[in-house]
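Each of the next two complexes has chain A plus one more chain, namely chain B in the first and chain C in the second.
Here is the complex of A and B:
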């Protein structure tokens, strides 16, 4: 598994790629931890683009939960976007869709999270 | 493995090994060096290019023809006369005439005086032999040999060729003789030149001969160079002195570099008969005058067995006179061998550099590769030494540095192997300790697993006389202690509470968290009564307080009214259970619920209801069932579970259904190791008054 990142205005989009299971969770965790450590308190926004994640285990969910807790304690926000069917089902069964706001696409998420980020995203993607 | 201690030892040893190189005359080491340098000449002796010197040998043939040695000096005089007539460049005579000739007539006169006084008178009239020889010597360009003596005082009257000192006075560095053994003054003073015959042997081998030595305080040339001087017509020779001793010996324009003690390493060819002319042939006028004309003619006695035979570095014995001839060839051909003053430092540097390579690389390379490196080093050393000899006539020693490198290599190898053994032993000890601690930990985990499983209720004995429902459950822990749990108990006479949970995590923390969760759920359920949504809300708060590891736990909790079959349930993020109606219809309990416990504080869980049919079945599993994986990496999945349920619909009781599903999973995973705990709970409602 591998995590890439892209910044649009005031919002960071993290894109994990591959399976998030017991053996790969650490890489997602270090990606999130780095973001949490670098973000200043207040006003930080994070979108997790799950379009390239085809599975997430309960250990992966726990990492998301911990990251969510910390980001919210800092006054920031974290949302999830573009879930694939299998992962969407996992989110629904575990009701993690109640823990994280889920959006159909990154753009949709940015629309909700930050207008400046949306503008940056649109200009980057020529929309 | 790199080991700085080993390298430290190696460098110290290397420094020690430089001693025998810098201390040139160290016993054994010095002899080894000389033997190695001899090897160069043996391997590739000098090729004879010019023939400046001819040896007139008083050989066995001459002795046969003219009688035994010593010959009457008139015969020697005759020989010199004949040689002089052939117009050689000069004649060097390697013969001493220290005593009067007993065959001379004046010695015979007294013995015949009584018998024949007239004969005695006539004999006394004849010329004395020594006078005849002196006259012959005087008539030709002859240099006479003189022998160096270790004791005595140098004669003050005997003539020696004068010399000039150029540069500093290097006489202290020269081979010193206290005095000389010379021919009778009458003969000695007749000669125009006087050259030293002496040369020191080293372990029986003549390697170096003096090109200049000292008699008393006077520098003297050897017979070879003295003959050359005579030929050149120079009245004197010079000695070039430098900082470290003698640098060269010169005759006119000719300058011959020497070692600092005035000696020359003789560059040998093997014995060559074409250098020799028999004295018998000269006396018998059979020698070709062209062989002698313009040459440096050396006269010596070779026919006396082995009296004046010397060993050479080429490993053969050679008449001393031939060594004089070879010295002259060395000088004429410029084929001089030099062991430069800096040789010691070059050899020391070679050892230092190669030694450092050995010291640094042996600990890092395998013994095989190290040995290859060693051999390459030795070959390089030997080839460099031989190349310097062949190309430039330089005598550089490879044997002592080579031996030192071999010694160093052996020491480093021993040290490295010892170090490796020690490391291996250390590793083995560590492995043993790790095994022991792993065994201890496994024991503790086993204990934790037994406690975990022991805390779960035993379905077969939980409700001994209950007929309204039947319940069965099984939990198979994965290799590590996991965090699955199930529980069931009566809340009151009509309500059965059951629960299946799965902690997000593994190992001891998950196991402890599971036990805490189970206990808190039970106490909350018993306190709060039948409302499962309230139960989960409160258990969420209770468990979150005991959660240092930030684990979470999914829970499916249900309360069955055993009279009506009404099932109230609530899921905290758990896999939705299957319900199997008596008519075969299958559904899942997906309504209401919320996220796993300990994910969101103060979450209001929503309960849902399901009316069970008589004989209907609820099957709750943990994700260890749906995510059981076979060796191909496929998951068992909800679809296979559903099919297994349909197949097992008509089994006798829940326990049989549990076993059937476990068997189906076991067949599917086909021996692959389970990654997660696997929990199954099957509940069948038989109706309010069954049996």
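Here is the complex of A and C:
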């Protein structure tokens, strides 16, 4: 599992790729920690693109929960996009879908999160 | 866990279990194994576990065993309070919640020197 990132305007899109399990959760945590450390108080927006995540275990959910708490305490926002079927089911079982706003795609998430980011995304993707 | 993951994926393929159901089994086995190593074997991950699949007409049975001291993980399981968000739930209960929700049925028995967990799954028709 690794985490790629793209910035669109004032919003960062983090894309974990693979399985978020016991052996890989640290990589997701590193990506989130780096974002939290570098983000400005009150001005940070993050979209977690889960389109390439097969599943997430309870250890990974805990990392997400703590990161979300920290980001919100800084006055920022974090949303989740493009959950795959098994991950969506895990989110619903654990009710993480109530903790994080979930969107069908990154573009849909950016529509809600930031018009500036949406414009940058559309420009980059030719939409 | 790598060896276990490979075994589970091979067993799912052999038993004709689809990808999404296989991912759920992998998640459950990881949660069980993490519980075994952390609590049963006190971080000694070289101690053995036993995993077996028993395909049935409409699903399959997963049998998971370890040789840790007697412990029924479902004995202390409490369904999540639907009025309380996951962020306020005990962390240790999340893995159990996933197991209980993803499997159709779950039971525990102590057989000789082993903890035996028996999980029943219904395979997805479309998977």
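To be clear about the criterion, the second predicted complex is superposed on the first by the 127 of 127 C-alpha atoms of A that agree within 3 Å, B and C clash if a C-alpha of one lies under 4 Å from a C-alpha of the other, contacts with A are read in each partner's own complex, and residues count from 1 in each chain.
Going forward, contacts are C-beta pairs under 8 Å (C-beta built on N, C-alpha and C of every residue); 3 or more make two chains touch, one makes a residue touch a chain.
The structure presented is a predicted model; accordingly, all values stated were derived computationally and were not measured.
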(request) Identify the partner contact of A:113: answer first if only chain B is touched, second if only chain C is, both if each is, neither if none is. (result) neither
(request) Tell me which partner A:3 touches in the superposition: chain B (first), chain C (second), both or neither. (result) neither
(message) Once chain A of both complexes is superposed, is A:46 in touch with chain B (first), chain C (second), both, or neither?
(response) neither
(request) Could you tell me if A:54 is touching chain B, chain C, both of them or neither one (first, second, both, neither)? (result) second
(request) Give the label of whichever partner, chain B or chain C, reaches more residues of chain A. (result) C
(request) Please work out whether A:79 is in contact with chain B alone, chain C alone, both, or neither, and reply first, second, both or neither. (result) neither
(request) Would you please give the residues of chain A that touch chain B in one complex and also touch chain C in the other complex? (result) 22, 58-59, 61-62, 65, 69, 93-96, 98-99
(request) Would you pull the chain A residues touching chain B in the complex into a rising list? (result) 22, 58-59, 61-62, 65-66, 69, 93-96, 98-99
(request) Show which residues of chain B lie in contact with chain A when the two form their complex. (result) 502, 504-506, 550-552, 554, 571-576, 593-596, 599-600, 603, 623, 675
(message) Can you tell me which positions in chain C touch chain A when the two form their complex?
(response) 1-2, 20, 23-24, 26-27, 30-31, 34, 80, 85-87, 91, 94-95, 97-98, 101-102
(request) Spell out the part of chain A that touches chain C in their complex, as residue ranges. (result) 19, 21-23, 54-55, 57-59, 61-62, 65, 69, 85-86, 89-90, 93-96, 98-99
